[in-house]
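All chains are identified by letter, namely A, B, C, D, E and F, in their written order; residue positions are counted from 1 within each chain.
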Amino acid sequence: MDALLDFAGQFLSQFQSPTLSFLLGGALLAAFGSKLTIPNPVYQFVVFVLLLKIGMKGGVEIREANLLAMLLPAVFSVVTGLLIVLLGQAVFARLPGIRREDGLATAGLFGAVSASSLAAAIVMLEEQGIAFEAWVPALYPFMDIPALVLAIVLATRHRQQAEGEAGDANGEPTPRKVDTWAIVKESLQGSALSALILGLALGLLARPESVLQSFYEPVFRGLLSVLMLVLGMEAWSRLRELKAVAHWFALYALVGPVVHGLIAFGLGWIAHHAVGFSPGGVVLLAVIAASNSDISGPPTIRAGIPWANPSTYIGASTSVGTPVAIALCIPLFAALGKLVFGG
Amino acid sequence: MDALLDFAGQFLSQFQSPTLSFLLGGALLAAFGSKLTIPNPVYQFVVFVLLLKIGMKGGVEIREANLLAMLLPAVFSVVTGLLIVLLGQAVFARLPGIRREDGLATAGLFGAVSASSLAAAIVMLEEQGIAFEAWVPALYPFMDIPALVLAIVLATRHRQQAEGEAGDANGEPTPRKVDTWAIVKESLQGSALSALILGLALGLLARPESVLQSFYEPVFRGLLSVLMLVLGMEAWSRLRELKAVAHWFALYALVGPVVHGLIAFGLGWIAHHAVGFSPGGVVLLAVIAASNSDISGPPTIRAGIPWANPSTYIGASTSVGTPVAIALCIPLFAALGKLVFGG
Amino acid sequence: MDALLDFAGQFLSQFQSPTLSFLLGGALLAAFGSKLTIPNPVYQFVVFVLLLKIGMKGGVEIREANLLAMLLPAVFSVVTGLLIVLLGQAVFARLPGIRREDGLATAGLFGAVSASSLAAAIVMLEEQGIAFEAWVPALYPFMDIPALVLAIVLATRHRQQAEGEAGDANGEPTPRKVDTWAIVKESLQGSALSALILGLALGLLARPESVLQSFYEPVFRGLLSVLMLVLGMEAWSRLRELKAVAHWFALYALVGPVVHGLIAFGLGWIAHHAVGFSPGGVVLLAVIAASNSDISGPPTIRAGIPWANPSTYIGASTSVGTPVAIALCIPLFAALGKLVFGG
Amino acid sequence: MLYPATKVTLIAEHFLVERVCALIEACGGHGYTLTPVGGKGLHHLHATSDRATLVEGFDHQQVEVITTDRAKAERIAERALKELFTNHSGVVYLESIEVCRRERF
Amino acid sequence: MLYPATKVTLIAEHFLVERVCALIEACGGHGYTLTPVGGKGLHHLHATSDRATLVEGFDHQQVEVITTDRAKAERIAERALKELFTNHSGVVYLESIEVCRRERF
Amino acid sequence: MLYPATKVTLIAEHFLVERVCALIEACGGHGYTLTPVGGKGLHHLHATSDRATLVEGFDHQQVEVITTDRAKAERIAERALKELFTNHSGVVYLESIEVCRRERF
């Protein structure tokens, strides 16, 4: 009970953190109809700097890390990504009035990973003094790509079956086989993963410490606050779109992140006991799982499952999923981590 | 006499300050036909960061402030805004060849407040070690909004009378009643006031200190220098437009700021003696009054008095009013403050 | 032999410097087809900040400098710029299948100066602790403008002769006389030189130290790393264009920078012994000569020699010349400087 | 496969665009395309939006509506002129085009 | 000096544009012009690209191809509809124009 | 309310645009609309201006002039071709349109 009260207090106080207060501020601005905008080129640059910094920092520290320790968490990341999509498929199949492809597209996005939630989690854990292995952000692609690939494969297979039954439908012919490598490549080519991997490579192979310290680290929190503002504004302004589709998507986006985070938390807990994965790492892994891809996942899904309606998955992800991942799941799993591992 | 010499020397030396030298540099670049531009998205972001920082800083300090001390200066801000518009109306009515609506639109802008002049004043006062209450920038909307509303109300009423006399004219029907709340809302929704108020709210209700110190404060002066460059370039390149309209507008833009600043300085002086408003606060209030809205005032005026010619008020404001407010009025009122209050 | 090995080792280790590793990273990203982009407005702002900072820093230090010491290096800069163009003309005239105007346009760009190579050289020399006079970057226009003017004059004269022989050709009439001042003015109006000269003027005449220290210097290296990324991406993506034209251009772009740098190094060496030009200054002068104008030279050449094919000179400059200047020539001349002057 | 249709183009100041779109929908237009433009007209030179424009909302946007109903196109043009452009800078014109997938317009 | 020609306009989501251009070249188009646009259609409101768009690649681009060969223009429109727009939002239309320098199109 | 008019569209490299506009005014054009575009033509691929373009001024702008005087439109096209586009990449074409408020064009 004490723990619960403690959690509630801590949870609310989090809303005063720069991260969450900017998120909320953005949503309120949009709700009020403000004309304030963060210009798109600035936003793109902000995301680039954040991910490059996370990557470089990770790369620099992986140099000294025991790579074997990374193996189990990486495997668990893949497992989590796949589980989330399968779970989503099962759930949406049971809900009335949901087209199969819309459900799979949404589950794919929620299995994938959000760069902005990751950045927010890193800062909020640092603020609370929760340490984690610097390579944890490098788990991102291990969860992101399998989830996207699986969702596209399942949706395509489903369509082929439907067409087989229905006779050759009119419309664009469905590809006979999904080109997995094309999806993987498309994911890696997206701006978010590209920036993260570029940063990792630079950190691992070059000596970017001087520029990390003089530029990328000092501006990190400031630019994150800008990103949070954008996320808040977008969340509000996409609500209308979400309202136009079945409410199940909103519900899934509300509950999904917590469930997905719990799955990863459980697997992380195993890794903690098996290979000494740090408590902070477990929390971060849970947040990565709870997050959903808001930047580069959607175009991959759009290209891979073009017959799904983007309003369903983008609305669910941007308007509900991301705010829930950041504002609810980060403090939640941080508190859970303290509860489970002590702190 | 000594004071005058002293003022002249100080005034000239101000032109070496980063703030004014960048303003001048921008004007010279434009005059030389340079193709150097500050891209619009960068400019928008610069204004956003400056205003957010001013707001946050103010908000953080208002937490501890005696709000009652703010009351009289706030009332005086409203009074100043209204007085400037009424004075402008009276002046333009006496000048030959000026359409009533153009005069009122111009007076409205000069009653309103410039975010960039405010930022410049804050830095220049800090450089001279002149202290002021951190909530003074929060007086901005108290002067800005009443001035815009009054100008639009007067222009609309005048048009209704003219139409009443002339019989129903052709053209867009004038609205029977001005929707004051719509104007207030439009002002608040503008990007400048939105950023300032967001900052104030974050400063008051959240704990943005970490991000203030790590990002918003360090970049403040640098970004202000960029903004000054833009203002200088714009001032020069709009001169041509100003030349096409009656020269009274240029004259008003030259003299108005000083007069408006003096009005506010006088009221501020009363507040100093009545409620202990700081000398720096008086100077800043005078600069706020001397400034004219160059970012979000114009669209409000455009929407509210569409039959006025934008070349008159935008030319007057951008090409003459803003440079005069920054390059002349800031040093002038800083010196006056020293003269009057000692220092 | 030792010196050679030492050089080889140092040369390779340079690729881990933030500057070169970002350049390489950009090229690899583009080769992989990544969708990551640095938005154009951000790129323009980055170039502006870098050049303004270089200019301001130079201007601040010129205040105390012995201007006479600058005289000989300035003359040598002009000589180098002219020599490079004449040499290029001679070389291309001997190569088969090269239109005269394409050769001259290319030689003009390689005689001119690259702002980004200059910024990279400054940081890399600083990293290696090689000191130079702060006014050396101010030599930029002394080499840049004469080279562009000469290339345009020669190309125009050649065309006039050709037309004289051929009778009045169809097509745009060639101007009878080249308007030298127009070319000089166009160069100075370009965004790169404008920013550099604005910075110099501010540094010389104003007191921008506070803003230099609080903003322009701290962000310098970070923004340079962003610029290097852009250069790398552009180098790769323009390769295709280069492949479509005669391979002599690629060869010239590969060898030219080294030769041009050596010319300037030799002249700098004379200045070292004649007027005490610092070893670091000699190295920087060589890099300036080795570089080719990638930002504002092309439009000047385009306007002045419109009948030349841009694919030749832009491809050669962006895809080969700039990477060679930065990745090969900077370490090369730094090592040569140590060899010649000791260090 | 190709059906005759009319494209109405309206060039309006940025801050008017919202009202232009509302009017299009009120007249029964099914969609529209927005393009940021600059230019020069009676009034003064309007910058394109790529360099810093101090004054917000005075850049222009081009709004294009396609409809297969010529009368609807004329109604949109007429109402826009009367209700929005009397006091504002702007341009309105019509073009004849041929569309695919008639049912969308 | 002026020759009749046809302009095909295709409005497509950003991430489709590469495929639209490839199709144009496959049909023998000699060039195309790209314009970033926003707008509203059947699906939802597509932002113009000047404010932050969280979700990458969903803004629209307008692709215009000019050709003096009417049959080629129709082929481009037809194939685009069949091969690219079945599942994707987008608009295709043709206009009659007159070009200078016929040999370029 | 609707009057026949001609729209001349010129696509030119950025650094030529100033001269295109001057030519339009010299020919008696009353206004013009500028749109930033990218594209591909004879020469090479011209990026749109949203990603970093190292080389300044090589992106394209589309300039549109509307005039009710067909001869004037042809004069603008002809002179532009002769005086500006001989050595430069670019495209010129005419369209027939119908304008409102004839007195403005």
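Note that a residue touches a chain if its C-beta (ideal position, glycine included) is under 8 Å from a C-beta of that chain, and two chains touch if they have at least 3 such contacts.
Values in this document were obtained by computation on a predicted structure and should not be read as measured data.
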Chain labels contacting chain E and also chain F: D
Same or different residue numbers at the chain D/chain E copy interface, by half rule: different
Chain whose Cα centroid lies at the greatest distance from that of chain F: A
Distance from the mean Cα position of chain F to that of chain A, given in whole angstrom: 46
Centroid spacing, where centroids are CA-atom means, of chain A and chain D in whole angstrom: 39
Shared interface positions of chain B, touching two or more other chains: 35, 37-42, 190-191, 218-219, 296
Contacts with two or more other chains, residues of chain D listed in rising order: 35-36, 49-50, 56, 95-96
Pairs of chains, among all present, that meet the touch criterion: A-B, A-C, A-E, B-C, B-D, C-F, D-E, D-F, E-F
Complex contacts: residues of chain A adjacent to chain C: 39-42, 44-45, 48, 185, 188-191, 194-195, 198, 201-202, 205-208, 210-211, 214-216, 218-219, 296
Contact set on chain C toward chain F in their complex: 37-40, 42-43, 171-172, 190-191, 230-231, 233-234, 241, 294-296, 298-299, 302-303, 306-307, 310-311, 314, 318
Complex interface listing, chain D residues touching chain B: 13, 15, 43-44, 49-58, 82-83, 86-88
Contact set on chain B toward chain C in their complex: 15-18, 21-22, 25, 29, 32-42, 127, 218-219, 221-223, 225
Residue numbers on chain F that touch chain E, as the complex places them: 11, 35-42, 48, 50, 60, 62, 74, 77-78, 81, 91-96
